[in-house]
Structures are given as structure tokens and as C-alpha cells.
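These are the structures, in C-alpha cells.
After this come two complexes, each holding chain A, first together with chain B and then together with chain C.
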Partner chain A sequence: MQLADPVEMGTSSNSGTPATAAADVSKLQPLLSLRGMSKRFGSLQALSDVSVEIATGEIHCLLGENGAGKSTLCNLIFGVYKPDDGSMQFGGQDYRPAGPAAALTQGIAMVHQHFSLVPDLSVVDNLLLGQARGILKRAECAQRVRQLSEHYGLALDPFARIRDLSVGERQRVEIVKCLMREPRLLVLDEPTAVLLPAEIEGLLTVCQRVAAQGCGVVLVTHKLAEIKKVAHRVTVLRGGRVVATSNKPANEIDLLVRAMIQRDLAGLDASASAMFGELAEEADAGSAATTEKIDDEIVQINGLTVRDAEGVARLDNFTLIVNRGEIVGIAGVEGNGQSELAAVLSGMLTASDGRFFVASKNMTNRSPQEITATGVGVVPEDRHAVACVTGMSLAENLFLNRLDDFRHWGLLDRTALRDKARALMQEFDVRAAGPDIAFSSLSGGNQQKAVLGRELTTQGLVFLLAAQPTRGLDVGAVEAVYGQIRKACERGVGVLLISSELDELISIADRIVVLYRGRIMGHCVAHASERERIGAMMAGHVE
Partner chain B sequence: MTTMAINLWQQARLQTAIWISLAAVLFAILVGLVLVASMGVPLTDAISAFAEGAWGSPYAIAASVNRALALGLVGVGFVLANRANLTNVGGEGQIALGGIAATAMSLYGGASHLPGPLPFIVPMIAAALAGGAWGGIAGVLKAKVGTNEVISTLLMSFIAVWLVYWCVQSESLLRQPMHNTATLPESLEIPEVTKIPLLTGDYSMPLHWGLPIALVLAVIVAIVLDKTVFGLRLRAVGLNPVAARRAGIAIVPSILLVLFLAGALGGLAGAFMLQGDQYSLKARFSSGYGFDGLVVGLLARGSVPGVIASALLFGFLRSGGINMELAAGIPSAIVMVIQGVIIVTLAGAAFWMERKRSGK
Partner chain C sequence: MSVEMVAVFAGSSIRLAMPLLLSAAGELVSERAGVLNMSVEGMMLMGAFGGAMGSLYTGSPVLGLLIGIVAVIPVAALQAFLSNTLRANQIVTGIGINILVLGATTTAYRAILGSRSRTEIPGLDKWAPPFLGDIPWFGDAVFHQTWLLYAGLVVVAIAAWVMRYTALGLAVHAAGAEPRAVDKSGLSVTRIRYGAVFFTGFMSALAGCFLSIGDIHTFTEGMTNGGGYLALAAVIFGNWKIGRTVLACLFFGAATALQFQLPAMGINVPNALLIMLPYLMALLAVGGLVGRQSAPAYLTQAFVR
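Up next, the complex of A and B:
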């Protein structure tokens, strides 16, 4: 491990024996070398003087918090951006991709965080889009998909429409799309964020097999468990610079974390450290009081059912009670009815059947406005699409659902809006230059804190619905978000927390309900000892 | 200009946008002069004919301003709807409907028998309501079945333009009584009391009360858009309708209202043209004011003062162009070319700025 000294990388001898990094990385052939790469966007220096080397057959992890420059680096490799400075060598030759197409031709494939699939086309048609000429050979392509699916354990129906697939499944399509090109270097930008534990295992296996065939793999992640498992080498980025590299990452996890967040993992909130896949032993401390929080029902959900246009039940006979001061976690792989549940409870989607009550009032199929008025706060899953208007200012977003409070002689009282916004920013630790700053200029963590602040200060709050509230946030923000949710809970607010991060749920929730294909598979106490059981239910195994 | 270019253009910084607008206008005028020169007309002749027609006399100035009035009202309506991310390209049809309604109300609706200023105000209100209804239909289509308002407002414009033809061709509608085969297919002249009174009372400078009315309306729209909760909500609806809905903002009424209001402003423009300028409904009543008004709205980049500036620019351009045709024999279509060049230049500049910004 060399802190802030990337140039010497690869020269140190491999004295330790990392659990899985079988190959001696110093003997591997360099495949891609980056030297002194810099990239600036406007006033933001996204990357400065970054040098990284990736070898054939190596799984090279890029570790770093949000905004550290991992995605930018990947995009430079894939030719999406042009570097301001620095040079790249790929397979021993100068590599200056004119764009992603050039990168693909040279054998570099990338799975982006945001997918580029046409929702109305089938899996096969999407795969053929970029490559086919003349007559479409669908059957042949489907056969290839099945081969790859089987080989790598990426279950996929070649003729399913993308529109009908979950986020996790869509990602599998993207991965298959890359693998079909038989790349020499595969770049995966935070691929595990949307996957279920078993699927993550599967994906890591895919990475290992791909690497075993001599292909280089760049894996962007912030999960230490994954690094422990598969990484041969790790490069840690912070603020656009390489702050640490390691040739034996499995033995140096603590050092890597310190380099990444400038703090020790031991000092972190249990649920925040769970985000790195490091589950603390006493993580279930929060669930100790479970049994005492009964008989104070705040939300009753009774047989809630949502059918899609084809009549398929996306949420099937969902029944649940949430008590005051309790956090109920909804576990499950994405696309198993969580989105529908959240959408119905927040008034954005019509239930086909069933009812739900908030504080004994029937709120089924009421408007979002009425639901908010009953004291329901909602942190939507998709922050940019549902929670905020990124083109408006921070203050405007903080009070988007109660702008009428700022009506003064028919005009909008900007001064009051600003003052109230400052108070809320202070209370919820939203870090921004000021209330008038564009919402889009805030980091993901601060955006989420702002949304949470708005929803938690809903008039007469009795129930908080939070869907994937920590997705894409850095560790500090995760801590803040969970701290606020706990605080609300202590005030007697009932919380329904939807998350695909099982470890997070275990550490913060009181009890957990598992969703699979829209149905409740079972109820569990949130305890680390239940992890295996929950994992099995998430994969559809009935007890 | 494509929707994408519109969006890019609207996001540009104000100062940059002003400079680019000025540069685009100058460049377009230069192109116009080159075309004039290539037709073999001496430039001095063309320029003096243009100046004479645009601002050469009190009458010319008033005519230019009156043209700007109609363009400005349509432009303000465009800006209003655009705040909710709705692109109203139906100004032409809304003007036509306004003209029909104002004519009908003035000639046969009994407006002339009303007391005080009502004889000219009531037809104006009728025109606004008719234009509003025409815009509102597009709103209903958008809100209920999701029809793109660009398509619906545009196609409704063609319907409206032909409705004018029908009205002036058919004696049972608005055509003046036919005495012989030479009777023109147009309506009777509207009664004196229904004409919008002149500010000066002197036909050598025919500025009428429409000017202050339009200015007041523009100020009201500017305040509503920028200073009220309603304006902020419209912006939220425009930028992210899903998030706006989650935040409890009623989307459907917003769409309906805003397209109605945009249409009403177009209808009012029709009333101004009829009651303040033409005084009788003719087949080619609007002749492109609605479409030019749309361009005015685009050029203004969502700002009401911008609408006023660009409406005046286009008003003077049109007047000058017409006189160039009359006095110097240069087709007034050259003005259309200049307008087109302005738009293309702006769209190009917006794309260029975006490319520079995204660092590709």
C-alpha cells in the first residue's frame, strides 16, 4: 500500500496472500495505462493528475465516495469525455478514443450507471441495435444470450420487453451487451448498487471468469466486501486525485477506508458502515425495543394490489401494519413491487384493489396533496424524477409542497422563503452556498438531505415513507439520513423503509418484510442472524 | 427551431443571450442587405425605403407599433405557456378566432348599442374568450389524452384560418351583403363606436388604446410569472411534472389555464388588429402574425421585457419591409428571410454554447 504515491504502483513485491487475488499482479501484463489524466468541468476539477495501470486478467477496483471522480475516469477510458491532460496506452499503443464507438472497436466495453436501452424493444432487439447489419438474426442472438446467461448466471429472457424488466434485470442486459463483444477490457460503473446479494455474488463471479479469460476488469464500487472478495488491485480516489493504491487490498481494508473517507470505519454509525458491506456485530441494537412498540397503529395497509396494463399483479394483496415509532423495512430485489407500493402509498399510482389507512383515515387513491395533508412524508425512490425539480433553486425545492405558506398580498414572499430555507438547511445539515443556489448544483447527499428535510417537516407528520433513501450517497450523508429517520422515529413517527441494501435494513429497521414478485414472502425481526433467511426469501424461496 | 434548441437557448445566461441576439439580428440584416445588393437594387434606395416605412413619419411609427402590439401579445402568450413547458404555436389560429369573434360582436352582437367604452371593450373580451377557447381545446387534448400541443395548436390554426375564409365568403355568416358580383368577400366595416379609440385622436398617428392595454397585460403576466406562487408552480410543472404532482400541484388545471390564457392573448391580438387597424374582416386577415409572434416569443427567451423588445424589432422590420416592396420594388419576403436567419443563427449559437459547456 502506498498512500498518495501511485507512481510506484506495481513495483512492490506481493508479500501478503490476499484471499482471492491469486495472480501476482506485478507479473501481469499491463493492458491499459493512464498517465497524468486531468479533466475539468467548468469550475469543477473532476480529475487531476490521475495515473492508473490495469493489467490483463486483473480485476481493478476503483474505490471512492460519490463525486471522487470514479465515473469521470471511467468515461475518459470509454471515450465519452476527452481528457484535458494526460495520455492513455491500451495494449502497448497510444489510445485516444474519439468516442465510445472507437473504444468499443478497440475492445473496451462499459456498463454505465444509467442504462441505454430502448424500453419498447425486446432484449434481443436492444442487443442487435448497436451491432446488426442487414437482416436481423434474432434466433441466433437469443441463443447467444442464453449461452452467456447460463455461463455467467445472468438469468434473462431474450424476448422480454425492456419496459417489463426490473432495474436489476436491465443491468444484466447491459452486461450481456458488453460480453457479446468479447471485450479486452470491461468497465463496470457501480454495477452492484442495484443487485440482490445472490446476484452480486453472481456478478462478482462473472467478473472473475471474465478476468480469468485474460480480460481486464475495472470495477467501480464502494463496497468493501466486494473488494475483499475479487479485487486484485485497488485505486482509491478522493476529490479527483489518487490518494491510495493497494496490491493486496483484502489485507488493507482499514487503510483503504481511511484513505477514502478520511475517517476510521470503527467510528461510523452502524448502519452507515453497513453500506460498505461491513456489518457490525451489534448492529441490531436498534431493534431491541421491538416488542414494546405495539398497539399504536398509524398505518394499516389492507390487501393492496396493483395490476399493470396487462393485468399482471405488480403488488399482490399486500397487508401490513406500521406502528408509531417503528421502522418497518421492506426488503427485496428491485422490481418486486417496491416501486408500486411506494407509488400507491404516495398517491402517484392507482390501486387496483385493497385499501390503506393513515391515522384511521382511508387514503386509498387520494391525491398526493391529500395524502401529504394527512401527515405523510415521502422520500421517493427516484430523487431526480419525483422528489425535486432540479432546475429550480434549493429554497424553492425545500418548500415545493407548501408554497402557499409564502403567499403575501398575492405575491411570493421571497425573503420569508429564503429565511425559512436557511433554517431548514441548518437543521438538516444541507450544505450549499445559499438558499438560492440551483438544486442541481448540490451533491447527491445534500439533495437527499434537503428532500428528507422537506418531508420530515411536513405539517403533522405521522408517517414517513422512504424508498431507497441512501442510494448513491456518500458515507457522511448516509449517516445523516439515518440519524434523521431515527430522530423522527423517536418522535413517534411510523416509518416504512424500502431498501435493496439488506445490511442497511438489518441495522436500522425494527422488523423486515420481504417482497418477492409483489407478494410478501415473510416477516422477520431485523437481526443479523436472520440474514440468510431473508436472503433466501428475497430470491423467492418459501420457508 | 427544435424543442431541444429552444431549451438550450432558454438556459443560456442573460447577458450572453442579449449579445447573441444582437449579433444574430445584425448578421441577419447583413444577409438581407447582401440579398438586396444581389438583386441589383442600390443599397441606399433600399435602406431609405426601409427607414421611411419603418419610422420615417409619425404614421409609419404608429403602424410599426401597432404591428408590434399583435406580435407582442402572441409572444407574451407563448412565454406564459412556455413557462409550463408548453409550446403554443397556434397564435395564427387564435388571432383568426379573435378576429371572427370581434367582428361578429361588433357588427351583429349588439356591442355598438352599449354605453360608455363598452362598445369596443365587449368585442375585445369576446375575441379573448374565443382565442382562449381555441387554445383551451389544445389544453383539453393535452391533459386528457396527451396530444402534443405543438401538433394540436398548429393544426387548429389551419382550421381557424379557413374558418375566416368561410365567414367572409358566406353571406349567412359575416360577408357583407352582395349587391353585385364585384362585392368583395369581406365583412362590413365595423361601427365607429366599436373601433378602438386613438390615443391622439388624429389619424396621422394612429396609435390606439390597445398599446396601454397590451403593456398593462404584459406587466401583469411578468409579475404573475416571476413574483407569484402560481408562476413558481407553473415553472415546477414545466420542469418536472411528476415532482410537481407529488408536491401537490394540480397539473391538469395548470395546463388548461395556461393554454387558455395564451389563446386569449392571441385572440386579443386579433381584436386589436381588427378593431384598431383593419376595421373589417378579410380573407387574409392575419397573414402570419401568429407565426411571427411565436418567433417573437422564442427570441424573448421566456422574459416579458424580451418579448416587448423583440416585438418592436419585428414590428418595425415588417413595416420597413412592406415599404421596401412598395417604394424600391424589393420583395418584402426579404424580411421573412431576415427573420429566418435570426432563428437559425440563434439555434446554432445555442447548440454551440451547449457543446462548449458540456466539454465534448
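Up next, the complex of A and C:
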């Protein structure tokens, strides 16, 4: 373990490093070396003076909070961005990719965080896109897919349409796409964020098999359990700098975490530490004690059903009661009806059947305005599309739903708006240069805190609907978001929390309901001992 | 209704459907790639004008056809540049181009031939496939057509095959369905879309020439008369599938042919209604009868990396 001073990076001799691990790694051939890489976007220094070495046959994990520069680093390697400074060597040669195409021809392949698949086309067609010339040889390609599937254990039907595949299967397509090029270096940018526990296992196995073939693997992740399982070496980034490296990560998890967030875990809120799977069990002991609530229902959902244009039920007969001061978690792999549930409850989608009541008032298929007026706060899943106007200022966004309160002789009283905004920014720890700054210039975490602040200060708030409120946020922001949600809960607000992060749900929610293909698969108490049961239900196994 | 009348009706339906079919096939490819060319109308008109003038001055309709195709290149280039490079609103630019072309061809036509000229222009030869043209009763009326009609069918068939079975077709398809995937696969979305718009230009030029030197051997001001818009409607009606688009074109062609057929059959319908018929059909088809639509996901959306 080396802490700080990135200049010494790459020199493997360090007295603090266990000799066995050092020998293990130094046996491997260096494949890609980055020296003094820097990248700036406008006023943001995304990376400064980063040096990393990746060897053949190595699984090299990049660890860091959001905004630490992990994705930027991957994109520099893959040629998406050009570095402002620094040099790269790949296989002993100078490597300066002009773009992703150049990286691919050199033998570097990348699985992006967001898939780039064409939903209308079959697996085979997606694999052939950009690869084939002239007449398409679909049968030949399908044969190759089957070979790779068998070799790496990636089950895949070559002629299935992408739109019919699950997220995990889509990711397998992306991986097969990379493997078909027989890469020398495989870069995976947060590949496990969208997967089921069982699928994560599968993916890690694939990584190990790929590395065993002599390919270098760069794995970006948040999850320490994964690092413990597969990483040969770990590089920790914070604020665009290398702050630590480890040649024996499995034994140094605590140190890595501290380097990553520059704080001791003990000082962190329990919900934040739940980000690191293994710690969840200790963390949730506290929340389990709070399951006893006064029986006082605030939201009643009766047989809510949503059908899409083709008549398929996206949400099927959903029935649930949320009490005052209670946090009900909705677990499930994304795309199993959570979005539809959130959209219906916030008035953005019409229910085909069923009803829901907020404070005994039937709010089914009412407008978002009416729903807000009954005291419902909504933190939508798609922050950029629904929750804010990125082109407007922070202050305007903070009071978007009640700009009328600041009317003064029919005009907007900007001074009052700014003052109130400053107070709200303070209360919810929204860090920005000032209330007039453009909303788009805020980091994701601060944007989300601002949205949450607005919704939690909704007049007469009785119910908060939060859909994936921590998606894309770093540990500090997650902590803040959950702290605020808890606080609201103590005030007697009922909370419906939709999240695909099971560990987070277990640590913060009182009860968990699992959605699978639009149906409720089961209910349970939010406790770590239920983790496997919930995982099974998320995968569609009925108990 | 006699056999002869049926034959004439079928023949004229096919003849009237052909320019729609050519431009709709071109437009379909472009829309598949994600670019909506409202300027199909303008491209057709420019093709018709270029073909007519080329044929008139060279005396050769084949050369005229080539000149018609060349004349559309700047129009297609303008549309491609505006919608891909400048990322302008495709509907607004398309309509702008249509107005521009209508003005330009009208002015040029009047400057060259005078305002009310009905100058006869050398037209493309007619041809009938062996045997089919010799079928008694309707062989002549149905199959004896401009050779461009048969050539056009071959071009449409080739285009459909390329779209289905080649890497190029796959790339075009993907450029409209998920351009980011195309970009990440190392292909250029911009190049694909430029190419697709030029293909629309080429097909529209053929359609325009079919009108001016294939069908009636003259040029009149604004002679496409909304044909480009009907082609756009045919693509929507065809749900972005080539087979259904062909049927839609035939349907619109038949509706146009009915204009001439109904009076001949002694059915008295106000002329204005008859002229309206194909457009009314298109409106009904697009508005009500089609049901679910599956347009390419990124149609009209400029690609920004």
C-alpha cells in the first residue's frame, strides 16, 4: 500500500508492500503504462498527473468516489478524450489514440457504463455493426458467439433482439462484442452497477477467465467485495489524483476506503457505509430496531396497474400501504416496473387500473400539480429530464414549484428568492458558488441535494416518493441524501424509496417490497439476513 | 366496367405510383438513418426541371436524366449540411428548401422558355417486358411503360436488399435507431447520414425526371404538386418498412388514377374533390388507420457526440 505522492507510482519496491504480492505482480509483463496524465474540462481539473501501470493477465481495479476521475481515465485510455498532458505506452510502444477506433485497432476494448446497443436489432447484428463489410455473414457470426459463450460462460442467444434482453444479458452482449476483437486490454467502466448479485458473480468469473488468457483487465468499481474477490492491484483516485495503490488489496480494504474518502469509516453514516457491501450487516442493526411504527397510513395503493401501448402490464396489480414515519423500500432490478410505479404516483403516467390514496384522498390519474398540492414530494428517477431545468439558476430550481410565493407586484422578487435559496442551500448542504449559478454547473450530488431540499420543503409534506435518489452520487452525497430522508421520516413523513442498490435499501428502509416484471414478488423486513431471499426474489424466484 | 378500363386504371395507377415509390424508397433510407427530408418535394422538382432542361438542350432524354440527377446534388448537399453539420431543425430547413426550389425553378423556367410555354420535350422511350406486354386485353395498357419505371423497380429492389443483407444497410439502420452505438463502433454517423440524404436526392431526381421526361414530356411550374409530401406520407403509412411503403405508394397512385377514371366511368363527382382524393387518403391513412407507429428512434434528431 502506498499512500499519496503519485510520482513514486509504478515503482513496485516499497517496504510496506508484502513481498509475496509484489513478486506476484512484478512477474507480469507491463502492458499499458500511463505517465503524468492530466485532463481538464473547462474549470474542472478532472485528472492531474495520474500514473498507472497495467500488466498482462492482471485485473487492475480503479477505485474512487464519483467525480474522482475514474471514467475520465478510462476514456483517455480508450481514446474518447485526448490528454492535456502525459504520455501512454501500450505494449512497449508509444500510444496516442486519435479516437476509439484507434484504440480498438491497437487491441483495447471497453465496456461503457451506458450500453451502446441498437435495441431494434438482434445480438448478431449489433456485433456486426461497424465490424463487417459487404454482405453480412450472420450465421458465421452466430457460430462465433456460441463459441465465446461457451468458452467464457456467457449464455447468449445470438438471434435474440436486444430489446427483449435483460440488463445483464445486454451487458453480456457488450462483453462479447469486446471479446470478439480478441483484445489485449479490456476496460470495464462500472460494469456491476446494474447487475443482480448472481450476475455480478458471473461477470467477475468472466473477468478472471479473460485475465487468465493473458489479457489485461481494468475494472472500475465502487464495491469493495468485488475488489476483494478479483483484484490483483488497486489504484485509488480522489479528486483526479492517485492517492493510493495496493498490490495486495484483499488485505488492505480499510486503508483503501480511507484513502478513497479521506475519512474514517466509523465517522460515516451507516447508510453510506452500506455502499460497501460487506459492512451492511453491521450497519443495519440500528435500522431493524426502528421497524415498530405507529399504525397510521398515509398512502394506500390498491391494485395499481399500468399497461404499455402493446397492452403488456408493466406494473401489475400493485398493492401497498405506506404509514407515517415509515420508509418502504422497493427493490428490484431496474426495468421491472419501478419507473412506471414512480411515474403513476407522481401523476406523469396514467394507470390502466387500480387506485391510490394520499391522506385518504383519491389521487389516481390526477395531475402532478394536484398531487404536489396534497403534500407529496417527488424525487424523480431522471433528475435531468424531470426534476430540474438545467439551464436555469440554482435559486430558480430550488423554488421551481412555488415561484409564485416570490411575487411582488406581479414581478419576481429576486432578492427574496436569493435569500431563501441561501437558507435552503445551507440547510441541505448544497455546495455551490452562489444561488445564481447555473444549475447545470453543479455536481450530481449537489443537484440531487437541491432537488431533495425543494421536495422536502414542499408545503404540508406528508409523503415523499424518491426514485433512485442516490444513483450516480458519491459516498458523501449518499450519506447526506439518506440523512435528510431519515430526518423527514422522523417528522412523520411516509417515504417510498425505490432503489436498485439493495444494500442501501437494507440499511435505510423499514420494510422492503420486491418488484419483478411489474409484480410484487414478496415483502420482508429490511434486514441483512434477508439479503439472499431478496436477491432470489429480484431474480424472479418465488419462495 | 370493361376489361379495358380496368387495364387502363391499373396501368395508370402504376404509372402515377412510380414517382412516389422512387422518392419514398429514397426517403425511407434517409429516415432509417435518422434524417427527415421534408425537401423531397424540392428535390423532385429540381430533378424534374434539370431533366427537362437537359433533355431539351441536349436532345437526349438519357443525358437529360443524368443532368436531372446532377442538378439535385446541390439541393441534397444543402439539406445534408443543414441537418447534419449545422444541426438545424430538419422540418423547417426542408420546407425552406422546397420554397427555394419552387422559386428557383419557376424563375429559371420563365427566363429560359417564357411564362406560358408548353414546349414539347424529348422523353424517355417506352418499353414492355417480353411476353407480359403481349398479353391480350391488358398487356399493352399495363406493361407498356417508360423504361425508367422498370429501372426504378430494380433500383428499389437493390436498395431493399442492401438494407437487409449488407453491413452498409445495418449501419444505416443503426444510425437512426441508436446513433451513439454507431459512433462507438467506429463508424461515422455524419457520413452515413450525408450518404443517406444524397441517396434520397438521387431517388428523388429519378422521381422528378419520371414526371417531366418519363410521363408527360414537359415541365410545368411546381409540377410535383405535393408528390414529395405524399412520399413522406407513404413512408409513415408504410411504417418504415419497404414492403408496406410500396403498397402505400400504389394506393396513393390508385387514388390519383381514380381522378381520371371516375369521370370516364360516368360517375359525377366535383373535380375539386377528386383532386383532393390522394391527399385526403394520405391524411386518413397517416392520421387514423395506421395504429401504432414505429419510427426510427432518433428520426429528426441531429447527432452530437
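Keep in mind that, in the parts below, the second predicted complex is superposed on the first by the 463 of 543 C-alpha atoms of A that agree within 3 Å, B and C clash if a C-alpha of one lies under 4 Å from a C-alpha of the other, contacts with A are read in each partner's own complex, and residues count from 1 in each chain.
Criterion: a contact is a pair of C-beta atoms (placed from the backbone, for glycine too) under 8 Å apart; a residue touches a chain by one contact, two chains touch by 3 or more.
These figures come from a predicted structure and were not determined experimentally.
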Request  = Determine, for the superposed model, which of the two partners chain B and chain C contacts more residues of chain A.
outcome  = B
Inquiry  = After the superposition on A, what does A:M348 contact: first (chain B), second (chain C), both or neither?
reply    = first
Ask   = So, does A:T372 touch the first partner chain B, the second partner chain C, both, or neither?
value = first
Inquiry  = Looking at A:A387, would you say it contacts chain B, chain C, both, or neither? Reply first, second, both or neither.
reply    = first
Query = With the two structures laid over each other on chain A, which partner does A:A101 touch: chain B (first), chain C (second), both, or neither?
reply = second
Message = Quick check on the superposed pair: does A:G311 touch chain B, chain C, both, or neither? Answer first, second, both or neither.
response = neither
Inquiry  = Under the stated touch criterion, which partner chain does A:L121 make contact with: chain B (first), chain C (second), both, or neither?
reply    = second
Task = Report for A:R133: first if it touches chain B alone, second if chain C alone, otherwise both or neither.
result = second
Ask   = For the complex, which residues does chain A have touching chain C?
value = 100-101, 104, 112, 116-121, 125-126, 128-136, 309-310
Ask   = So in the complex, which bits of chain A are touching chain B?
value = 39-42, 81-82, 346-348, 367-369, 372, 378, 380, 385-392, 396, 400-401, 403-404, 406-407, 410-412
Note = Given the complex, residues on chain C that touch chain A span 165-167, 170-171, 173-174, 177-178, 180-187, 292, 297
Key: chain A-touching residues of chain B, taken from the complex the two chains share   = 223, 227-229, 231-233, 235-236, 239-240, 242-250, 357, 359-360
